[in-house]
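First comes the structure, then the notes that go with it.
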Amino acid sequence: MKSLQKHQLERVGKSLTGFCIAVVILVVGSLVVMVAQRGLSAFAVDGVDLWGFLSGVTWNPHQPDASGAPTVGALPMIFGSFAVTLLSCLFVIPFALGSAIYTVEVNPKFGNTVFRPALELLVGIPSVVFGLVGLTIVVPWIRGWSGGTGYGILAGSLVLAVMVLPTVTSLIIDALNAVPAAYRMSSSALGGTRWQNTWHIVLKAATPGILTAIILGMARAFGEALAVQMVIGNAATIPDSLVSPAATLTSVLTTSMGNEAMGTVYNDVLWSLALILLLMSLVFILIVHIIGNRSEVKHG
Amino acid sequence: MASDIKAQVSRAKREDKIATGILMAIVAFIFILLAALIVYIIASGAQKAFDPSFLTGKPEQFKEGGGIGPELFNSFYLLVLTMIISVPLSLGAAIYLVEYAPGNRVTHIIKTVIEVLSSLPSIVVGLFGFLLFVIYFGWGFSIISGAFALTIFNIPLLVRVIQQALESVPTTQRDAGLALGLTRWETTIHILLPTAMPAIITGIILSAGRVFGEAAALIYTAGQSAPMLDFTCLDFSSPTCPWNIFRPAETLAVHIWKINSEGVVPDLAAISNGTAAVLMICVLLFNLIARFVGKRVGKKLVAE
Amino acid sequence: MMQITERDTRGAAVEAEMREPVLATHDVGVRYDETKVALSGVNLEFAAGEVTSLIGPSGCGKSTFLRCLNLMNREIPHCHIDGEIVYDGHNINTPDENLYELRQSIGMVFQIPNPFRKSIRDNITFAPRCHGIKDKKRLDEIVETSLVKAALWDEVKDKLDKSAYALSGGQRQRLCIARTLAMNPKVVLMDEPCSALDPIATFSIEDTIGQIAGEGISVIIVTHNIEQAARISDKTAYFLLGEVVEWGDTDAVFSDPKDKRTQDYLTGRFG
């Protein structure tokens, strides 16, 4: 009798927690399926040409072109998203790497007691706040020396860079900390300076972790919506320069989705943009996994 | 030969010094930048943020002097609802992963699914919430749609935090429970969870800070309008009833974005700075509370 | 293998009449992932009130074997236990064996003292309460008797509500023993219970082991300390590379090992 209760208790626990995991999986599954379904209907139902969508440079869904098909070239947004992501990454890498090396290799005490908690605090700053700071400081500053509006890819990348810096730095610190102390000691024992140790031994050993940190930072930058939308200028064209208004996938989604009724061509192509975002985040995950697997193979 | 080595050593030493100097400069730069950022946000909005009439007042669309009363309430209400849904769900999912998941393909797939969810841009989560809750379920722009969208946004982080907390409890504790003839369920609930509780609570509060500041997942789920709330109203279907979960609810973070993208309020800068300062102060408080509570709970539970 | 059965019949024949084994294994083996064999062909018997030492170099399978006896290996994914483990007259190595009842009768003490992060009292009463004993008086009795049996009562009787982590290492380990004894086990398995302790604490644990064996409990202890095995055990089994090389009365195994490999180990050639 009592033993029966134990078995039942275990079964209850297993089903209760299993139910939770099933809900999570169901949600993710339906998310992917529903977004894909809506995102593909532009091509399947409305007859939008996939290649024209990916390579077209004119985004004007309300205005059919000469042949009567909607003008939905998404290249400006795709270009914008990649441009802000890569550029922000370029800004972030030296700072993230440099400060991570300092906190791990040079001054761990400062790293653990001051720098790390400060970074954690910064990870928590809401992205709209970054957008607001971008709007009130970065954009006017760029306007001051460039003469244009100040909105554009440069403003977007600077805001994103400050936003992802704490995340990337903490992840790189983790990667450096994961390098076994024995690596450093054996190199020091051979007479290497700290810089030589770091450069030749530690960074090499931590490369997969550092790459992962950068990719995750890029994923976050690529998917950020509001902070970028507030400073990019929202002009769906490929810009002439880094300081002219542009657009990203997320910024167009943010500004347009609410204005278009479900089922219209415009609405459908917006979902196609969302699908691109979804696929890109899968690609980022895939890259992280490939890096992980590779380094596992290498180190046995 | 000997002088060669000497020269090399001194060059190496010089390089070491230069490198250290550069690293220090980078750290100092980041530190100043980030400190300036926080000080700027709070300082530029401090006057508004500590003004009671701003904190409780009604937002204005076309004239000066609007407040953020409804937004402030909505942010907390939405946060509480989100946590009520997402904490039990994540707890269950994490316990399953740590205790019951068979160590095989299935586990691997589950982990990948959660990882995918964690990498999804929050705007995509928001759009999915729009599609599912707002349109298919017919809940409209409402608190409940927003709470579910935020739950989806919050789950991966929360599951990971709880999972790590449970995994960091020494396996000997689990073994001890099982070897006494207890079920995994009893061992988890009575032994592992209490031991992991400080880390779990810290994680929950930190995730609350993230949820509190999230906007992209909300603009198409909880909506962008904040009807003035009437706290004496007990008619749960009325749009002015604060507790009505089917009314639209703009939060602080959405408010900042909304007024800036519309740009029609005359005192736009003051209001958005003030709102941002309130938001920042709340997030900083969450962070401090997380540290403090984590330590306190830890001491209490372990009875040391 | 021949010598084992020989000694078995010769040495244990006399005792067999008075001591029925409480626990016996027939051809017990352990595989990981179906193919990796960690242990094979173990045939041992354990009698009530007897202390049996399992010795051997690290990685020889002695701890793995110990974890078979209360089916703890079942908790490890991809781990399979083969053969028969006979307890209380029936084979327990079956899918429908009730683990929860079995583990109350066959208790286990681990290498690192692992009291729960609770008070001393709760450490003892937690499992009985989970098993349905709610009466407070009865629980108080259990606390006292098991602490007395584990020779810890005098040291902790005034601070039962203090955290278990306020105790010293040796005391913690005796608390873990007491926690196991609270379930009234017939067999207690110990996995190197003294390896994390200093000599004085070790001595007190050995004392406790003698006491609980005196209560009629069969104690099976894995140890890497040969002297300890010689001091405390009635019988000794020597494990090497996943097999039992020698098993018999401790005196006989130590003074006159039948197998060359046992001799090498005991004289310190390896291990």
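Going in written order, the chains are labelled A, B and C, and every chain counts its residues from 1.
Please note the rule applied: a residue touches a chain if its C-beta (ideal position, glycine included) is under 8 Å from a C-beta of that chain, and two chains touch if they have at least 3 such contacts.
These figures come from a predicted structure and were not determined experimentally.
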Most distant chain from subunit B, judged by the mean position of its C-alpha atoms: C
Most centrally placed chain - per-chain CA mean versus overall CA mean: B
Inter-centroid spacing, subunit C versus subunit B (mean Cα positions, whole Å): 48
Interchain centroid distance [CA atoms averaged], subunit A/subunit B, Å: 17
Between subunit C and subunit A, distance of the C-alpha-averaged centres to the nearest whole Å: 54
In subunit A, residues with contacts to at least two other chains: 6
Multi-chain contact sites of subunit C, meaning residues that touch two or more partners: 100-101, 131
Junction residues of subunit B - those touching two or more other chains: 181, 183, 186
Subunit C residues within the subunit B interface of the complex: 70, 72, 75, 77-78, 99-104, 107-108, 110, 112, 114-119, 126-127, 130-131, 162-163, 165-166, 176, 179-180, 183
Subunit B residues within the subunit C interface of the complex: 102-104, 170, 172-173, 175-183, 186, 190-191, 194-195, 301-304
Residues on subunit B engaged by subunit A in the complex (per definition of touch): 12-13, 15-16, 19-20, 22-24, 26-27, 29-31, 33-35, 37-38, 40-41, 44, 88-93, 95-97, 99-101, 110, 112-117, 119-125, 127-128, 130-132, 135, 152, 155, 159, 181, 183-186, 188-189, 206, 209-210, 212-216, 219-220, 224, 253-254, 256-257, 260-261, 269, 272-273, 276, 279-280, 283-284, 286-287
Subunit A - residues contacting subunit B, complex: 6, 9-10, 12-14, 16-21, 23-25, 27-32, 34-35, 38, 94-95, 98-99, 101-103, 106, 115, 118, 120-122, 124-129, 131-133, 135-137, 162, 165-166, 169, 193-196, 198-199, 216, 219, 222-226, 229-230, 250, 253-255, 257-258, 262, 271, 274, 277-278, 281-282, 284-285
